[in-house]
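Naming follows writing order (A, B, C, D and E), and every chain is counted from residue 1.
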């Protein structure tokens, strides 16, 4: 009980601040916990995701970043033994509500996975798939356009423009990752969740994706998991630090990287490497 | 014809240099080319891998790094439409020779893949598998030791020590990656090929793996693909830069990062990010 | 959990932007429809299974009970050994007129004078009420203990099959007496006996243990069970390894060329060969060429093996194909040989599919009659086979033969036999299903 | 020495070699810089293989070849005039000689002498020993039988000795030269590979066997019935010739049977495939583990029910039901007969449900979940995911399952006999009866007709024809699968 | 081999089974013979494979062996075949028990079931739809006759004794001959059964016919006498040419439709296979094939006394074909 009010207090305060700075809250997690079977992987996470901002989730491997990210569009539903407690809202609506429409939710909150998982279809079809099921392209030319622009924005178009009809699984690791990004943005979701979108990318491609994120931020809200402090620093406005399933600290990126409140954050970001 | 003598010339020069500096050549690629179907993905690569050194392969996504890496232990054999030309030797033996025992080759030249691919078995079994088939542990205790030390060296042991019997597929992305590293080093190969072993790792885990690489270097030879220039700079003694399927340049890491010969290398490593 | 005093109530939450139309209603309808189709499909399957089981069980459960008559049989020496030569001639005891003993006992029981001239007709009717099997039953008692001669024993004897059917109400007693096998007098006696508790339905263990017989009450599935058991063992021992080995070769090792295409097409094609043609093959190869005996379960097992192979191979190949390549490269990458990769990683992952193929293949083999026809297993076999080389039948054969019998009593036995076959099938599949569940795993 | 003894001895040698080799390999001294190539178990298995396989192959080949040699030797030992006289029924003569030779083993020495001196009534004597002789044989057969006997005795002795020696030699070879670098694993695996190859040739051999076991009779059949009559005839009435043709052989038109086969199989597939596929999809995508673990085996029971039960079900329940329903719908005249293509297809479809559902379920479940997640993460509904991502990825396997199903539909007999009857007619109306090739194969083979007549022999022609037709369909299917295959990862 | 192996006709099978069973009870030192089913043709084919351990000893047949088969046998070394006629099989027409009485004649049957009839001197397809169109004494039922399929020997009897006779009696034969058909063609036209679904071939056994009548109460089926007797509470038998089928009328030759049943023994096996001779003797004894025997009780029409004696002595004397 005690802990609870403490935690929500934090959110409340944050909200006040947000309101003061005229930031709108897109998503809000309250006391989010996740169990895999009996094992709890995430504990009482309270986190606000601000609209048109990039929120970076950082923390050591296995601390629960992906798990939390998956909560945000209910991808955890698909894991047999996963159970989510707490509350998460999108535009004030509880996304774990019975009435909520998971499909619509996922079309509004898109996701790029940690392991690239292109469909065993052609590159074109990989990208066209989302728009097609959501009916976002009226005609073949529309679709071509959507596919092209998505691939372009993901920085892949030039490499694959001659082989749009070849299978997406024949691409290199980094190309697959960019394909998955293109696939996700092709449906223009309101929130985009990216689980280490640049892990398999070289610096140039990374730069391209980071640019893209910056671009997208104007219209969309982005949550990104990254291991690169630099990346977090470069692209995000706010950063949340996880440790052992707990949210250690959350705040404006600048502050987090210069003057973190928590000792663990400090230790982590000043670790020898970056 | 012309090109060929030119290329091998390069190797020959390099060898002279190696001999002069008392370095032993562990592996040697000569005019290595790879075709996927009709499409050539790698062109005439000449590269020396020096014993007890870390060779880093860098280059933009899709340039053929993984492809080349796979040539070194003939993993390309398993891709239906892949065809390798040219010659690669290990300790002077042509590894594409008819007489060569591919299995033994792969036990000597181990590999960590770009996408973590743990077996759908328990964590313990994932690591114990290699030592078991190679008869590296005589008893259960031996095996326990091998598993524990491998997991420790990969920096995973603490996180999983209570759940060694749970499936390796239930780990987080980074944990899976470290599991695959543990699995590969458990068989103590002579050469270890690592395809972006730290892409899903946080800085601390990355540091652990880099330490590991440094450690391993004393007894083994390592080839690593990485997108992080810093990482290449930190761990490798020699760096090879690929571009569009061509080996652009190869040399001591220091020189590569301070004074590359090739304009493309220069451009790549001084790209805005790193 | 939201009853926090100063909940700002989402004042700062983003106002819901205008929702895009992604046809959600329509898609959900499609989704529900799709799901419904699935449910309906399963429903259809289960409905028909239930209907089939219902018809079978309704028609067959009575076969597991058999009308028996309790008689106080006097082992009359004057009947068994009228000439008193049993010590010198061993055949006397073997060939004595035992049914007479039972008939006399029944007559006594019903108060009919055995000696009287006018009861001759009645006595014939009485004989007709007792199963001919009483001959071996009483004979075995006497042979086991000749001292029994002269004594009286209480014995449960089987009633004749027609009486059994009448007792179970399967014969329409309203038709004129001349049109039915059970006469009015017999019905009267049955009532008397039933009222006395001397005629009851007892569990029909003979259905499981006895061999074939032309007398329904004496007919059992024993030989067929043994025959099927032998055959299924042979099929399992041969078809599963050969099938899996062939699939592994084709899927994991074979170069993809015309020759392997040929093999692949061939195997698929074998699945379409009518089963009786396998019988022709078995006759030609195993009986005529290799000189194996006719009617033997060994030959049957071999024929069914060939017939089952394509099913197992096709299922196994599909399962092997479904294992993601990353598993293979993972193992190869740490120096496992291809053989090791396949046997340590790929095959275990494909095991559920292999087992499904095995289940279906074995089920099919278990229910097959046509190929057995040509190798002589659709036969009347009364003696138990000691080895797979002895004549035997199989469960579906017995069903097939009983289904074609004229006697009414075989109707329920046919259904009873089907129930036994299904039990056999269930027992056989249970192991495979449990195994399959162990191997099932998502990744 | 009997065959089983020889095999047992070889086996014992093999097992011993295995144990010793494994032990030796385990005790090898490790050397600096030299890795042991193979695990001890592989060394053991290699020794086992060397000890067993060559010996058994030798033994088997000898056993297969020596009778041919003995046969020709015995034949040559026969007097010239006998040879020329009985050339036509050589096999009969030789058979008698063999029977006499084998029968002589059962005789006591005194009886043997009698036989040799030609005094004994062979037939009676042999009968008393339980050996059947078709005739009493001729005098020249006795020495020939003895030749046969001594030849085969010495052959079996030398084969036994040879095999055991070979086995010992193999064991020695396996045990000597166990070194760190010996590639025992490669050798063992090579043998395993040959084993796998051998297993896959069983299918080829079966095919060859099937064709051979039918070819001869088929040719005989086509000697009396012209090809065109068979392949292009539209009337199946084997006992009656077409009016005016005057022939006595009858009409063997394949077309109505072929049409019936395809039609009934099509109806069955039209029922089984959607039901089975949807059931599979539901089980793998929607149902909980528990439900699935119950429903799947339950549906599999459908595949195990003997087809005669389905036949009876069709005959007494489904057929009349369909007829009555159609009569009620049409108001009087039923448009579906009790025996009809529809009834047969429907009931056969029920039987085929698990072929589709269980196999497809396994294949669908094997699609990596990352693909699933990828699609769901884009906001696809489950059904969209299944239709657009999962099914295409699982397609090759599913097509395999469907092929198997179709094959079963074509090969089924009992259901068709009882549900659609045996009347070979050519019609498009699924409410009427048709019959299939398989049914006719069974009927012509098991009938009362003369077994030498074309009426019976036509079964073989039908068998081979069906074989060729399905072969063609399979080639087509292979081609299609190749074209549309989607490989994941 | 210590077990007799028998194969062949499914019509003879039930009788052979009864004999086999009683044989093993009477001779407890012999194993029960194995009796395969598989049709007369299949049985004879196996029979003619040759002599020896791996071949069968007896072939049951519901028709006499054909010339060509004897020859095929001889080619394979089976030169001495002993023929045994065991009795007769009555063939009856029956309807559902609740139907009216039926009195059939060959003529009616022919008119109802012939494929083609002569109208105005031309052969045209038979279009008769109801029984009472053939003969007003017959019920007003749609024609639905379940007759033995062409694989069955019974079919030949049906054609010979009913269709051909009916064809002659109704004058159709002449009419057909008048259309210009030669003798052979006319005979063939006489026995051709309509194929429009009114006459349904049954290739299975009588149980199938019974099931069909069960599901179509206005169907007429052809059964063996034995089968009918076992199911007399469900079936009503029709008289043919005024004679009601029974063991007596058939034995006397009054009832027109019956056929002899046979089995064939390999003489070469007689001394060799233990019990074979005893089995045949046992089969031929009056205890088995006599008028009061279990076979007769089951439905076999016993041959007249003289014929049985003749069979016995023929077998005893070793008479071969």
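Rule of thumb we're sticking to: contacts are C-beta pairs under 8 Å (C-beta built on N, C-alpha and C of every residue); 3 or more make two chains touch, one makes a residue touch a chain.
This structure is a prediction, so every number in the text was calculated from the model and none was measured.
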Open item on the list: Which chains sit in contact with both members of the pair subunit C and subunit E?
Closed with: D
Task: Contact-graph distance - origin subunit B, target subunit D - done: 1
TODO: Name the chain with the Cα centroid closest to the overall protein Cα centroid.
DONE: D
TODO: Go ahead and name the chain pair joined by the largest number of contacting C-beta pairs.
DONE: C-D
Task: subunit A and subunit D: spacing of chain centres that average the CA atoms, whole Å - done: 56
Task: subunit A-subunit E separation of Cα centroids, rounded to whole Å - done: 83
Task: subunit A-subunit B separation of Cα centroids, rounded to whole Å - done: 30
Open item on the list: For subunit A versus subunit C, what separation do you get between their C-alpha means, in angstrom?
Closed with: 58
Task: Of all residues in subunit E, the ones touching two or more other chains - done: 1, 38, 42, 53, 204
Task: Junction residues of subunit A, two or more chains touched - done: 80, 103-104, 107, 115, 133-134
Task: Where subunit D touches two or more other chains at once, by residue number - done: 185-186, 312, 368-369, 379, 381, 384, 445-446, 487-489
Task: Touching pairs - complete list by chain label - done: A-B, A-C, A-D, B-C, B-D, C-D, C-E, D-E
- [ ] Flag every residue of subunit A that touches subunit D in the complex, lowest number first.
- [x] 73, 75, 78, 80, 103-108, 110-111, 113, 115, 117-121, 129-130, 133-134, 167, 169, 180, 183-184, 187, 189
Open item on the list: Quick check on the complex: what are the subunit E residues that touch subunit C?
Closed with: 1, 3, 5, 7, 10, 13-14, 16-18, 20-21, 24-26, 28, 31-32, 34-38, 42, 46, 49, 53-54, 56, 97, 204-207, 224, 226-227, 230-234, 298-299
Open item on the list: Which residues of subunit C touch subunit B once you look at their complex with the stated criterion?
Closed with: 256, 325-338, 340, 344-345, 349, 441, 443
TODO: Flag every residue of subunit D that touches subunit B in the complex, lowest number first.
DONE: 35-37, 39-40, 183, 185-186
Open item on the list: Under the stated contact criterion, what part of subunit D meets subunit E in this complex?
Closed with: 89, 92, 95, 99, 123-124, 126-128, 130-135, 237-241, 243-244, 246, 248, 312, 315-316, 319-320, 337-339, 417-418, 421-423, 425, 432-433, 439, 443-453, 455-456
